[in-house]
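Starting off with a structure, shown below.
We just call them A, B, C and D in the order they show up, numbering each chain from 1.
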Amino acid sequence: MSKISVETFNAIIASELPFAEATGVYLRSIERGRAEMVLPYSQRLIRPGGTIAGPFMMLLADVCMYAVVLSEIGEIKLAVTTSLNINFVRKPANTELVGIGSVIKMGKRLAVLEVSVYSNEDIVAHATGTYSIPPHPAG
Amino acid sequence: MSKISVETFNAIIASELPFAEATGVYLRSIERGRAEMVLPYSQRLIRPGGTIAGPFMMLLADVCMYAVVLSEIGEIKLAVTTSLNINFVRKPANTELVGIGSVIKMGKRLAVLEVSVYSNEDIVAHATGTYSIPPHPAG
Amino acid sequence: MSKISVETFNAIIASELPFAEATGVYLRSIERGRAEMVLPYSQRLIRPGGTIAGPFMMLLADVCMYAVVLSEIGEIKLAVTTSLNINFVRKPANTELVGIGSVIKMGKRLAVLEVSVYSNEDIVAHATGTYSIPPHPAG
Amino acid sequence: MSKISVETFNAIIASELPFAEATGVYLRSIERGRAEMVLPYSQRLIRPGGTIAGPFMMLLADVCMYAVVLSEIGEIKLAVTTSLNINFVRKPANTELVGIGSVIKMGKRLAVLEVSVYSNEDIVAHATGTYSIPPHPAG
């Protein structure tokens, strides 16, 4: 079972990640090791062509990985991204984007995650990333 | 000599990249194959700890690569990022960030770029990325 | 159904990839969009500590991606790797390694693949990569 | 000044990295934070088309990063690669390959490196990677 709820994670976004909250990104569902996040379509986030810009797909991927990490370790806010690799594979439609994140490897000090980003039901980007996890009692 | 000026690139940000303009990011100097961009420090961009969040370092890196590409090919707006890899190597200070971008390889259809991101004078992140360049007369 | 058989792919290794054949790597099973390859344990491939060295995990991942690509397009040997990203997540045991490759996105000109590398049943590395696909009649 | 000599590093290859020695790869010059390695051209390393195969460019990049790390910390053999990202940017010629490695960031526990791979004087690949450095007295 996830060690963090949808409500708690969305409250973390609201209180501690003002940059993420400003985009409207939110967690839709979570289970242990798997998270689904939504980035609503907005004129403020687009690039020439009218689709959501690459940096916001990266933001969606990064925050989605963070949710996956917290689903495994609970509310330890000091987990930080140490690397991220993303391939943009198709132009998205002018719609919201959905990120599906999952665990590749959950270690005590390092987590490796992946996120697929969808527009309608087509994959538009795929990211892998690593998170450094601080020493913690609940480890 | 750069095929685009600082003024023209900053005008592109203002008119076509609303998401970038909202962060305050701007080009400070450019020469052919090399660009220097600044992301001003702002409360809206921070993460727990008070430093600029990772996704905005990625945004800085991506837009800086775009400036480097345009310095080589001129004002061809349809160049798009196809991949980006970033390592976060040190916690930045609570200050503006500076991205220094340069060319690794400039091909007719694909460009490979790198960007080092600095906080004060310390490197805090390093990114490499690829851009797809549409066929164009000036190639 | 896969557009290439296990036997045909292993024959390509034997006749055209001498560097791969020298390691003993072979395809164990294939279906469309999914390949399973084995790298036998050998003293010639080890690093200090006695485990198979990182570069051979990269070789396993790269050849496995190639098998996945050919399972989709058939025997078109000129497909080439354009990028590869790998995270080493755990020290393997002193045993053979198994790579499980699958498609992230199969486009006409670009394929995005991923490979998980296992030692016993533990994941030890995860790679994503891109392949450029030459124009071909069967596309 | 480099904390390891060309002779010592090549002796490490000969005694502890049999897989690398088998390729003929050797260190040509080193200074603190910068290494130049050569991978001789050989029929055993080629792919269809006659050029050195991608996995051996990755091997060259990885071993070159290792030399750069040891130039900074001395003969500490347990430093290990934790990630590697490579872009293949041009088909090499049928010649030896030269890797030029340098430090992006040298931390106490993590090093970030980059390597450019050349064929004749053209860049053919570019890699970045991270190395984990074990705790050590000389840190």
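Simple rule for what comes next: a contact is a pair of C-beta atoms (placed from the backbone, for glycine too) under 8 Å apart; a residue touches a chain by one contact, two chains touch by 3 or more.
Because the structure is predicted, anything quoted here is derived from the model rather than measured.
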Query: Would the interface of chain A with chain C count as same or different, where same needs over half of all numbers used to appear in both copies?
result: same
Message: If I rank A-D and B-D by number of C-beta contact pairs, which comes first?
response: B-D
Field: chain B on chain C, rotation in degrees - Cα superposition, rounded to nearest 5
entry: 180
- prompt: Where the CA atoms of chain A average out and where those of chain D average out, how many Å apart are those spots?
  reply: 34
- prompt: Approximately how many whole Å separate the CA-defined centres of chain B and chain D?
  reply: 28
- prompt: Among the residues of chain A, which are close enough to touch at least two other chains?
  reply: 83, 85, 87, 130
- prompt: Can you list the residues on chain C that touch chain A in the complex?
  reply: 83, 85, 87, 89-90, 104-105, 107, 110, 112, 114, 116, 123, 126, 128, 130
- prompt: Along chain A, where are the residues that touch chain B in the complex?
  reply: 16-20, 22, 43-49, 53-56, 58-59, 62-63, 77-78, 80-88
- request: Under the touch definition given earlier, write down the residues of chain B that touch chain C in their complex.
  value: 83, 85, 130
